[in-house]
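These are the structures, in structure tokens.
Okay, so chain A shows up in both of these, paired with chain B first and chain C after.
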Partner chain A sequence: MLKVVAACGNGMGSSQIIKMKIEKVFKKLNITASIDHMSVGEAKTAAANYDVVFCSISLINQFVVKNNRTKVIGLVNLLSEQEIEAKIVENDIK
Partner chain B sequence: MDFYAAFEVGFKWFHNNIMTKPEFFIGGLVFIGYMLLRKPIYESFAGFLKASVGMMIWGVGAGGLVNTFRPILAGLNDRFHLNAAVIDPYFGLAAAQKAIEVAGVSLGWTMMALIVGFFWNILLVLLRRFTKIRTVFLTGHVMIQQATTASWLIFFAIPQLQNTNGVICIGLLIGTYWAVFSNLTVEPAQKLTGNADFAVGHQQMGWVWLTSKIAPKVGDPEKSVENINLPRWLQMFNDNVVATGTLMLVFFGIIMLILGEPYMRGIDKAGFPATLSFPIYILSKSFSFAVYLFILLSGVRMFVAELTESFRGITDKLLHGSLPAVDCAVTYGFASPNTVLFGFVCGALGQFTAIAGLLVFNSPIMIITGFVPVFFDNATVAVFANKFGGRRAAAILPFCTGIFQVVGGALAAWYFELYKYGGWHGNIDWDTIWPIFGVLFKNLAIPGVVVVIVLMLVIPQLQYWRSKDKEQYFSCQYSDEPK
Partner chain C sequence: MFCSDFFTKKVVDEEIMINLRDMLNQETILLQAEADDWQAAVRLGGQLLIDSGVAEPRYIDAIIQCTIEFGPYYVLAPGLAMPHARPEHGVKKTGFSLMTLRTPVPFGHTENDPVDILIFLAAADSSSHLEAMSQIVTVFSDDEAFAKIRQAKDANQINELLNQMVDI
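Now for the complex of A and B:
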């Protein structure tokens, strides 16, 4: 199963929104995943244990992951299911 | 036993067991919400459990914050006749919660008011032909903070409302604020995002609107913050753990240094044994604020996740064609990353200037910068200021916001007596708009509440009346082109 984390500044509002949106898109694409949400500060240390990190594009340079497992995906519009879907396909996440 | 007596016994049991234990009240609501959304019973039970446990964790964090703070507050008061408050919604939450409990009211009432406010907001949108409201406020953690502070304002200002009538009063009040002020952000948010179809539902909605009006007069949108290079080390403040820890260390470190080693040894015998050195004591004491803050945060996160999910389910079913009002950080993807940091830096400079001012003018209240307002309010103001007025506006407006946060926060913490517990809500709408509301409640009592609700409801009418294209008002599609 895919391990996914959604991150935002304080880990309260936006990451919860991302989580709910990616849950919807994963369901549509028939991908099973467990999704957590947390703050950037926490997610930075935990990132290596996840397959995918979703966050706002403005936070993407906070993540420096040195393995070939974790993919970091920056979103412009956290509410856009089209954008999330396009980026999942583009990054070949299954 | 006749029916009435049975009802009374049942009500008493409910009041003594559920209302005084808000965690089970909220857990029960989540359970009912999930059942109504036709989730399986085991998922509904999991929701009940996580909401209840989350709220109990929150209680541990809030208690820890207040207790860690108490000796320091007492010390400041004793040595310098000074009171202190951290302006941050989580410190404010802990302080308001404590004040509400001390007044003998249960937090269960506050949660009930939150639910009343949520459904009142939905009703206002359902009646949008008449109310002109287009947005539903969905930011769960902010709703908790605001409902709690609003409850305290009412309970403090109008003690006879510490009952069910008060709950309805607070619900209508906060629900009107959520609906009306998020509705004000529709136009600026849609222009910023190129019609991404959301509004801002957070702590600085009034200022987002104000910024969109003032910024064009302050600067030129063509000259954007994008081209400014900020030093790399500032990036570390994007990390909330680092930013919070640093702020706590600087502020509480200075306070403890001023109070002095002998004094701290005297008041904190248990925590400061003779073998421990002063610098290490300062480090550990300052960081324990961060620790309790993160405990509180993780508790709120756990139960808000459940709450938001059921709120979403309800609104998705009920309200087609309205806009969700969401966390301010959702707008950050539509600005360059350095706009966010730029706003934070300018706002922090404003706050520090104002804090120095408080000290110079011998204010009886000292303000301690908290992470959430200084970062998120000022970043949001900068994002909108940059969009409508370029880098000049993005520098000046957050700086001014920072000053208002400190001065307004100090006045509010003093007037509403939350300095006793060392915290004030501290986000900009709650340093300016809500303290004014609170003063009206205090002086006019219940008529004051009515006046505030009616005045707020007039705002969308004016917006609609002034909009040139009435169809566009409801379709919410705004082009980005300058007129």
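Now for the complex of A and C:
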């Protein structure tokens, strides 16, 4: 199963909104995923254990993951299911 | 043992039922306000959280500090920000406030600037604000509702909109 983490500055607000939205889009695309959410500080250390990291575009530079597994996706509009879907397809996530 | 478990569960359930409609009222809504920059906007809207008794003044300092440290990651969509920090930064109980700005201000976001709608969140724990936050997602995923909030001049207009859009 795909392992996904939603990250934001402190793990309380935006990351939970990202989680709500990506859950919906994964369901629509019939992708089974387990989705955690956490702060960027926690996620930086944990990122390598996930297949995909979703975060606000303003946090993307916080993640430097040196492996072939983890994809980091920065979102501009956290409420746009269209953007999330386009980026899932674009990054070949399944 | 069972009794105490039941009691704990019940308290948790009641906490989860925090509804956006109950949080946003005359005291926590400020419409068509004026702020010179993002820090002034955060202080002005954050004051509603302090005045309504959900956060201590240091919570607002923490939001500003987090923004300087990590950037404006809580700018959710074009024009919309949800400033917040963590429970230990001075939250007394879970609550929200809403502020709109007459003149939008930049938060330093690459694409979603400038911001003129701010939802302030004070979360006392990791779950009691989730129901209200999913209501925020519902309301602001709707372009028409977004425009109505942007133009609203009276808190009653916001309450009417929430009554129409949010069940429970």
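The rule is simple: the second predicted complex is superposed on the first by the 94 of 94 C-alpha atoms of A that agree within 3 Å, B and C clash if a C-alpha of one lies under 4 Å from a C-alpha of the other, contacts with A are read in each partner's own complex, and residues count from 1 in each chain.
FYI, contacts are C-beta pairs under 8 Å (C-beta built on N, C-alpha and C of every residue); 3 or more make two chains touch, one makes a residue touch a chain.
Bear in mind the structure is a predicted one, so any value in this text is a computation, not a measurement.
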Q.
Using the superposition on chain A, tell me whether chain B and chain C clash or fit.
A. clash
Q: Using the touch definition from the top, say if A:N91 reaches chain B (first), chain C (second), both or neither.
A: neither
Q | Most chain A residues touched (candidates chain B, chain C) | A | B
Q. Which of the two partners, first being chain B and second being chain C, lies in contact with A:E42: first, second, both, or neither?
A. first
Q: Check the residue A:S56 against both partner chains and state whether it touches chain B (first), chain C (second), both, or neither.
A: both
(Q) Per the contact definition in the header, classify A:K21: touching chain B only (first), chain C only (second), both, or neither. (A) second
Q.
Looking at A:S34 after the superposition, I want to know if it touches chain B, chain C, both of them or none. Which is it: first, second, both, neither?
A. neither
Q | Superposed model, chain B segment overlapping chain C, candidates 183-191, 219-227, 255-263 or 273-281 | A | 183-191
**Q.** chain B and chain C footprints on chain A, overlapping residues
**A.** 8-14, 16-17, 20, 40, 56-59, 62, 76-80
Q: Using the touch definition up top, name the residues of chain C that touch chain A in the complex.
A: 66, 69-78, 80, 82, 84-87, 108-112, 121, 123, 126, 129-130, 133-134, 136-137, 140-141
Q: In the complex, go through chain A and note every residue touching chain C.
A: 8-14, 16-17, 20-21, 40, 55-59, 62, 76-81
Q. Can you name the residues of chain B that touch chain A in the complex?
A. 139-142, 193, 196-198, 202, 235, 238-242, 297, 300-301, 304-305, 308-309, 312, 324, 326-330, 332-337, 340, 371-372, 375-376
**Q.** Complex contacts: residues of chain A adjacent to chain B
**A.** 8-14, 16-17, 20, 37-42, 44, 56-59, 61-62, 74-80
